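Going in written order, the chains are labelled A, B, C, D, E and F, and every chain counts its residues from 1.
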Amino acid sequence: MPNRDRGGSRLETGPLYSLNVRDHFMIAHSFRGEIFGPAQRLHGATYVVDATFRREELDADGLVVDIGLASTTLKAVLGELDFRNLDEEIAFMGQNTTTEFLARAIFDRLVVAIRGGRLGDGARGLQRVSVTLHESHVAWASFEGPV
Amino acid sequence: MPNRDRGGSRLETGPLYSLNVRDHFMIAHSFRGEIFGPAQRLHGATYVVDATFRREELDADGLVVDIGLASTTLKAVLGELDFRNLDEEIAFMGQNTTTEFLARAIFDRLVVAIRGGRLGDGARGLQRVSVTLHESHVAWASFEGPV
Amino acid sequence: MPNRDRGGSRLETGPLYSLNVRDHFMIAHSFRGEIFGPAQRLHGATYVVDATFRREELDADGLVVDIGLASTTLKAVLGELDFRNLDEEIAFMGQNTTTEFLARAIFDRLVVAIRGGRLGDGARGLQRVSVTLHESHVAWASFEGPV
Amino acid sequence: MPNRDRGGSRLETGPLYSLNVRDHFMIAHSFRGEIFGPAQRLHGATYVVDATFRREELDADGLVVDIGLASTTLKAVLGELDFRNLDEEIAFMGQNTTTEFLARAIFDRLVVAIRGGRLGDGARGLQRVSVTLHESHVAWASFEGPV
Amino acid sequence: MPNRDRGGSRLETGPLYSLNVRDHFMIAHSFRGEIFGPAQRLHGATYVVDATFRREELDADGLVVDIGLASTTLKAVLGELDFRNLDEEIAFMGQNTTTEFLARAIFDRLVVAIRGGRLGDGARGLQRVSVTLHESHVAWASFEGPV
Amino acid sequence: MPNRDRGGSRLETGPLYSLNVRDHFMIAHSFRGEIFGPAQRLHGATYVVDATFRREELDADGLVVDIGLASTTLKAVLGELDFRNLDEEIAFMGQNTTTEFLARAIFDRLVVAIRGGRLGDGARGLQRVSVTLHESHVAWASFEGPV
């Protein structure tokens, strides 16, 4: 076990189930800061979103999460952003809505939904969620964290 | 040959070579007209673009078109649109910049580039061009026509 | 124009706009005939479906077809097959529901929908429809025909 | 190191090599339980399967695992399920063969193959395996665990 | 029918069934001619190959072509090129083995196989074949012609 | 928390942001050792490369890493390998340049670039990098490690 002395290795970890649902949303936005170059201009993006739910053991129905509820909840969360100019959204005031920032924002909303029971009782056993936003065929960003 | 009497069947046509290069651009825009529903709001899109060049016979170098020139020309054409709000582009004033409309607009610019020799002398033998814009993992539109 | 004498070449054809929407359905079925080998057993498939609508000129709204109506109509057509055992569907009695056969069956239902106005008045100008069923990462079949 | 006090962070872990091979299988099945809605009916699925093998250090040949043996072993494991009605498989009696359940079942069989030497001697150094089943263009499930 | 006077329009053509199988091969080669720039050096490529078979009417089994025979024949044709340096293949002496050239070469070999009955008797009704070689995530070339 | 006694579980880890950019390179090479079978012959590959950058907290600009610098650095690193015969590269003498080996080699070069400031000052906060090489539609390998 070569890495033992470095602390908890990923290779020592136990089993992990994951389930992923995909959807998308389309927004306009602009960035502030010279580092963003031409992206300082008002432009937009399609984000194809993968929401991945993770847990060590399946629920009583043999599921990570009810895929129907996962899909409708993801659609509802993305629906709050879809077809909008994020520069005018109060929730994002003063923020550069970068892909990684948006991945986190969607993660936060999914965690609220899980805790609020919107993904069903079985989903209360979810331990981690990962949200990936594909912004083109060559770039994506994600945020993963504990529920 | 069941369809003979309907006129020239696609199945009677001769050989056809195609070469495709892919790139992308990211824009903001809005649509006018009730049919567009929430897309009447300012939003945006990533378009992953496939430019396909077609001809019956290869050029003297055994090519449909120089892939390097095809890629740089496509990037230049998309660069005129990238990171922009299409609602403010003079070229598109009074137009709904739907995906199918943009596919045609990019086709037109590629044809001008071909005729102007920007894809090399061999490219003057190109006979058709197809431009496909992928707007998400579930939708795309294209325009194909003669050079 | 080397192929002129072979009849109408695809390269002589005019412009063509296309718009594609994607959805999926999941079914059980079996095939009869030795040529099908192990597929004679009851098994199943996920079909990821691309419905492509084609026309020479855009409608009054600058569209091939209303993408919202196209998506909901495709979902409705696939919903009649989704989560079913096709061996027990009266519509397919005595038929091997091969991928190519199903592509045609879905095409036929989309054409009925178009003619019946379910895709909107603008869609009456559609000239061709193509239906592609992806049955795995290595195989697909399609049917394309006039509306 | 902000998360140190939470225990072994993934960010403290050492290096990890992975190798993935892809194949697919096509089955019929049905689910029991109201939560499954229309999926309680007999239906089916194509599962495109990614089997990912992981280890901290390469074997003597500079490999994670012999890709040829990995591919043929995956095909053999999937061949035991392919073109079958899982409702009639003794191995799965009384089980809902959900995507996450099947990912685990295939994982278990791959681990048996590794331990039995079917992936070669070098493969005895494999430390983790992940199995992902893509059931459509918008959904997948996986199971990952130690060998 | 706006394009009627331009000759046989693609939109006047009849129905068309297609079936596609995918496989891949990996080769080394180099190109001669300044237009090829750094590709004049010995390098290589993975080509992911789509072989598409087309016909107006299905055969007696309700098929475009036996998918098993299509897959094994494609694998056999690619096997003659796989893991080779094309600069040393007698069949390609004096040729730049560009992607479009290779698409045609594979097409020719598939047509020989069809005519020789290697895809079964039903395959004698095939009317067109298309071969597409994906050389990366951003480029592909194809050749399509009559059988 | 079932796995607690096994050491640091992945499920106990904190948040993690990732950003990925994709590019490709095309090389020739051969392998030594009977285990490689026909791959002992000179052949080649296209590698589509995903470089994934990871950190627990975003930098002052709300970024994992400047995507422009990440893309140009990846292109520069791959440019040192692109259109080459790896059997003749001094850096790889005496090595089988397997996909997993190359993933590590590119990882090492990206880490040097990060430490040397080529991805910007913000990138000094990067904690892990993963490099995945897709060698076909059915196989990939990756290496992930700490910066």
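In this text, a contact is a pair of C-beta atoms (placed from the backbone, for glycine too) under 8 Å apart; a residue touches a chain by one contact, two chains touch by 3 or more.
Treat the numbers as computed from the prediction; the structure is a model and nothing was measured.
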Count how many hops through touching chains it takes, at the least, to reach subunit C starting from subunit A.
2
If more than half of the interface residue numbers appear on both sides, call it same; otherwise different. Which is it for subunit C and subunit D?
same
Reference interface B-E: repeating pair among B-C, C-D or E-F with over half of contacts shared:
B-C
How many degrees of rotation carry the C-alpha atoms of subunit B onto those of subunit C, rounded to the nearest 5?
120
Suppose each chain is reduced to the average of its Cα coordinates; what separation in Å results between subunit A and subunit D?
23
For subunit A paired with subunit B, centre-to-centre distance based on mean C-alpha positions, whole Å
32
Which subunit C residues sit where two or more other chains touch them?
7-10, 12-16, 22, 137-138
Which residues of subunit D touch subunit F once you look at their complex with the stated criterion?
2-3, 6-23, 58, 61-64, 66-68, 71, 120
Give every residue of subunit C touching subunit D within the complex, in rising order.
22, 24, 26-29, 38-39, 41-48, 82-85, 135-138
Show me the residue ranges of subunit D that touch subunit A in the complex, using the header's touch definition.
7-10, 12-16, 33, 35, 37, 54, 56-57, 95-96, 98-101, 103-104, 127-128, 132, 137-146
